[in-house]
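Take this structure first; my questions come after.
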Amino acid sequence: MTANARERVAEAIEQMPLVDHHVHGMLADPLAEADLLDAMVQASHVEDRAAVFDSQFGFAVRRWCAPALGLEPFADAAEYLAARSELGFDEATSRLLRASGITTYLIDGGHAPERLVPDERMMRLADARSHPIVRLETLAEGAMSGASSGADFLDRLEGALTAASERAVGYKTVAAYRTGLALEPARPTAAEVGGAADAWFAAGDPRLTDATVIRHLAWWALEQGSVLQVHVGFGDGDLRLDRADPFLLQPFLAATQHAGGRVVLLHCYPFVREAGMLAHLYPHVHLDAGLALGQVGANADVVLRETLDLTPFSKLLFSTDAWGAPERVLVGAAAWRNAATDVLADYVDRHGWPADEAIRIAELMAWRNAEALYGRHFVTP
Amino acid sequence: MTANARERVAEAIEQMPLVDHHVHGMLADPLAEADLLDAMVQASHVEDRAAVFDSQFGFAVRRWCAPALGLEPFADAAEYLAARSELGFDEATSRLLRASGITTYLIDGGHAPERLVPDERMMRLADARSHPIVRLETLAEGAMSGASSGADFLDRLEGALTAASERAVGYKTVAAYRTGLALEPARPTAAEVGGAADAWFAAGDPRLTDATVIRHLAWWALEQGSVLQVHVGFGDGDLRLDRADPFLLQPFLAATQHAGGRVVLLHCYPFVREAGMLAHLYPHVHLDAGLALGQVGANADVVLRETLDLTPFSKLLFSTDAWGAPERVLVGAAAWRNAATDVLADYVDRHGWPADEAIRIAELMAWRNAEALYGRHFVTP
Amino acid sequence: MTANARERVAEAIEQMPLVDHHVHGMLADPLAEADLLDAMVQASHVEDRAAVFDSQFGFAVRRWCAPALGLEPFADAAEYLAARSELGFDEATSRLLRASGITTYLIDGGHAPERLVPDERMMRLADARSHPIVRLETLAEGAMSGASSGADFLDRLEGALTAASERAVGYKTVAAYRTGLALEPARPTAAEVGGAADAWFAAGDPRLTDATVIRHLAWWALEQGSVLQVHVGFGDGDLRLDRADPFLLQPFLAATQHAGGRVVLLHCYPFVREAGMLAHLYPHVHLDAGLALGQVGANADVVLRETLDLTPFSKLLFSTDAWGAPERVLVGAAAWRNAATDVLADYVDRHGWPADEAIRIAELMAWRNAEALYGRHFVTP
């Protein structure tokens, strides 16, 4: 490859608008340092700055976020946190979000919404648009919280789903956290759902862990013809990791391939090749490697390349899965741009791919696939 | 490394004859485009050209197959399919197969043989030789189809196995598709096999899914002193992927290590390191990463390198696992040559390996290991 | 990166002292060639020189050990073994150990100690210091061997643990070999431990395979505030590999995070990313990729890089896991230095890391993290 071709690929990817098809809200101000540090990683209660900054993610913050705040690249943790504090919440948040080049966010507001800034404020800071993704378990828990019986819960749930369908661009399930991914494949019958609703009501648990109710929600979303995002792999300590392998979801995917909707496997790390195999085999399966790309920082090219083993290029999406810290938004976007450039320029260089084709594939991942999937709802850029 | 050393490695690998120790037949003419597209991937019923061509495999076809048909590299899907059609079945097939440099094919004819060209015709088109691998489940299903009882099935099976042993250079089991790889290790007793045969006969299922009968077949092949190919990992949608992990086969491998025969773990992706660990631990275990290398295209070097983590160099084989489309033969061979060159030249370059040694290891993988394993039957090149 | 920066990183890593925090003793002289070959790999009873030398490990021996014995790099197996024999046991062992640059060894003497040279003699040959790691299952088996009842076993065990705690710098469990890693998380009650001791005594098995006794030992070590090393992943043929996945240990890790001690996941291959995720999530979890780095030779950079995906940099350690053959010590150290240089120089080169920071992270892995973990016991270098 001529240096020219690599530069063309790099420049095109640098300028590309991004649709972050899976992200959460940002922690509200005033923002305590301890909360910020916790939000930067998946662990809870990190001990000190070094526990966050001496990691791939920490080095990525120093590389990409420090300049956005006006510092030299690789300014250290103390300088970084001081500058952030001096700029103030709005200015720091805005600079970090805007530096990402993300123009559209699909926001899953289902985790700890009371701690987060409203989407509208986040969008003003980001100078971007957002659309909601509805987390099905949270919706069901809301319906149960006021219900007087299992049957009343199902009535309320139906109302809540109908209301959600008027605003949601897609749905998400955290079945991996609640039951694991080895879901029974069949659509549960009305009688089964009724029985499960009664049992959940009787148990009095505010948290939904009933597999039948979760399957009912997942099937409902797919039969709407909508997009169902499914958490897979890497998450936080609440997750039983041995139950988050996407291969466990295969019977469910096989059963739902003609249900009408589409599935996006989220995160997937370290099972990105397994997820790619499922996207190869089943027409309705898509995936991203969000969360992981930012957290693994300088290793993002390895992970992104693995997602490109078997996933059809029309089925791979970009996301940051950021929650709480805008650093995760910028690092997620920058790690993706950097990795996509390295990987695609390598295909141009060592495998002779035309540079235009490499750029076209990058655009599919950056926003075109998201638009095709969710796109009656928005047009990008 | 001097450019000279890399060139020597590349040139040697470019010229090397290949033994494809695991391949299937090619779809017969006239060849409908929909069938050709389906045969190019593991998914069934692909929607359109883009679903195949916008993938690593599609880009690999454009890179390596387009020139074999007289087009520029990276000619697009429409040009490619038009040129293929214009050349006609025999000419296109012949060009693709011959461009692979494969001199010997070991053909597993057990999957949908009625749709495929006879081996002899394929060999004339390929200008190569072939030897049969017998798929044990297919053989057993044939024996059952005419049987009048479980005992009669076992008589017919014995006859069929004896006949097969006169022509087969090895056997294959698709236990992964039928029962999963967590086979009981012990050789089943005659009474157990008899009981299983009766039960299968009584069930009236034309498809063999009985684990005892499958173990009986596998032990039979190994006690013959023959080679038993075992499907592992990546396959098509009929396969329960969570049951195709080679670690599940470990008890069976431990039990059979002195049975007399040798095992080849086929494909293995994404479990290629796991398979390599088993080849490291057990003297009779070999492996290939066929199927995956072609399908992952420009990422084949990563996968091939992983197979070289722990696998003794005398135990790694080349295959394409092509079925139906001669593109899979050429892409499988070209992806292997390309990846082997990249990986081995890197060892020469960054790790000081003598170029002659790198070329020797490439030859082991290309054909010498296959000859040693199956070799009373043929001499290469 | 200027060539200068890469050279600085390479030179610093080349000179760095290493703490091998998990190693075993060396086979005593006279050393039969068959025993030496067996000790070089994880398989038992290797057939011939080629089975060892035609592998990544064999090529690594030729690359790094041949020069330590005064030969050209990549001298062949016959030359290598002849030179080794000519130098004699002490001289060859000493040269190989000293060439590693390891200054401190933490030795697990629990496997076949009767075949090994005493630690003191090994240290004279190595010109280094050592400290003992106590293997808990071996200690318990010793206590059981003279016991007259389950209760007597527990008395003897308590005495043995108290004695061990006066010399041990840490403990190791091979639960993966005995029960698999899916340990029940809760600390077993005294009554449960008593019942398990009685049952083991009654069974008369010299080998400890009781999960309750093993959990008792593991909790004991952690409640001491000590370090508990846990075998994970790759081992020898005695191990059920499908039970050695670190994700299976997650409930135990979640339960013990505030017990007071720290856990080191050993080896981990091929589950190094999974292990890194656990180190990311749980404050007391550390890891190494010992054993694998030496065995995969020229591929060590890929594996090391994967360990650096999610593991906080303060939680990754160096080890060789050598047993029997000093070649494994030198290859383990050289493979680590080589891989660390490649990976960290790449971060400097392609990701802009300051060279000083890359060197600092290398030092954490080489010895500082080990000192912090075990360090009331020694100071390095």
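Note that the chains take the letters A, B and C in the order they are written out, and that residue 1 is the start of every chain.
Here is the rule we go by: a residue touches a chain if its C-beta (ideal position, glycine included) is under 8 Å from a C-beta of that chain, and two chains touch if they have at least 3 such contacts.
Keep in mind the model is a prediction, meaning the values are calculated, not measured.
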item	value
Interface sides of chain B and chain C: same vs different residues, half threshold	different
Size of the rotation, in steps of 5 degrees, that lays the CA trace of chain A over chain C	120
Inter-chain centre distance, chain B versus chain C - centres from mean C-alpha coordinates, in Å	37
Chain B residues counted as touching two or more neighbouring chains	none
Chain C residues touching chain B - in the complex, by the definition given at the top	41-43, 45, 47, 50-51, 54-56, 59, 63, 73-74, 234, 236-237, 240-242, 269-270, 292, 295-299, 302-303, 338, 342
Residues of chain C that touch chain A when the two form their complex	245, 247-248, 250-251, 254, 273-274, 277-278, 280-283, 305-306, 308-314, 346-347, 350-354, 357, 361, 364
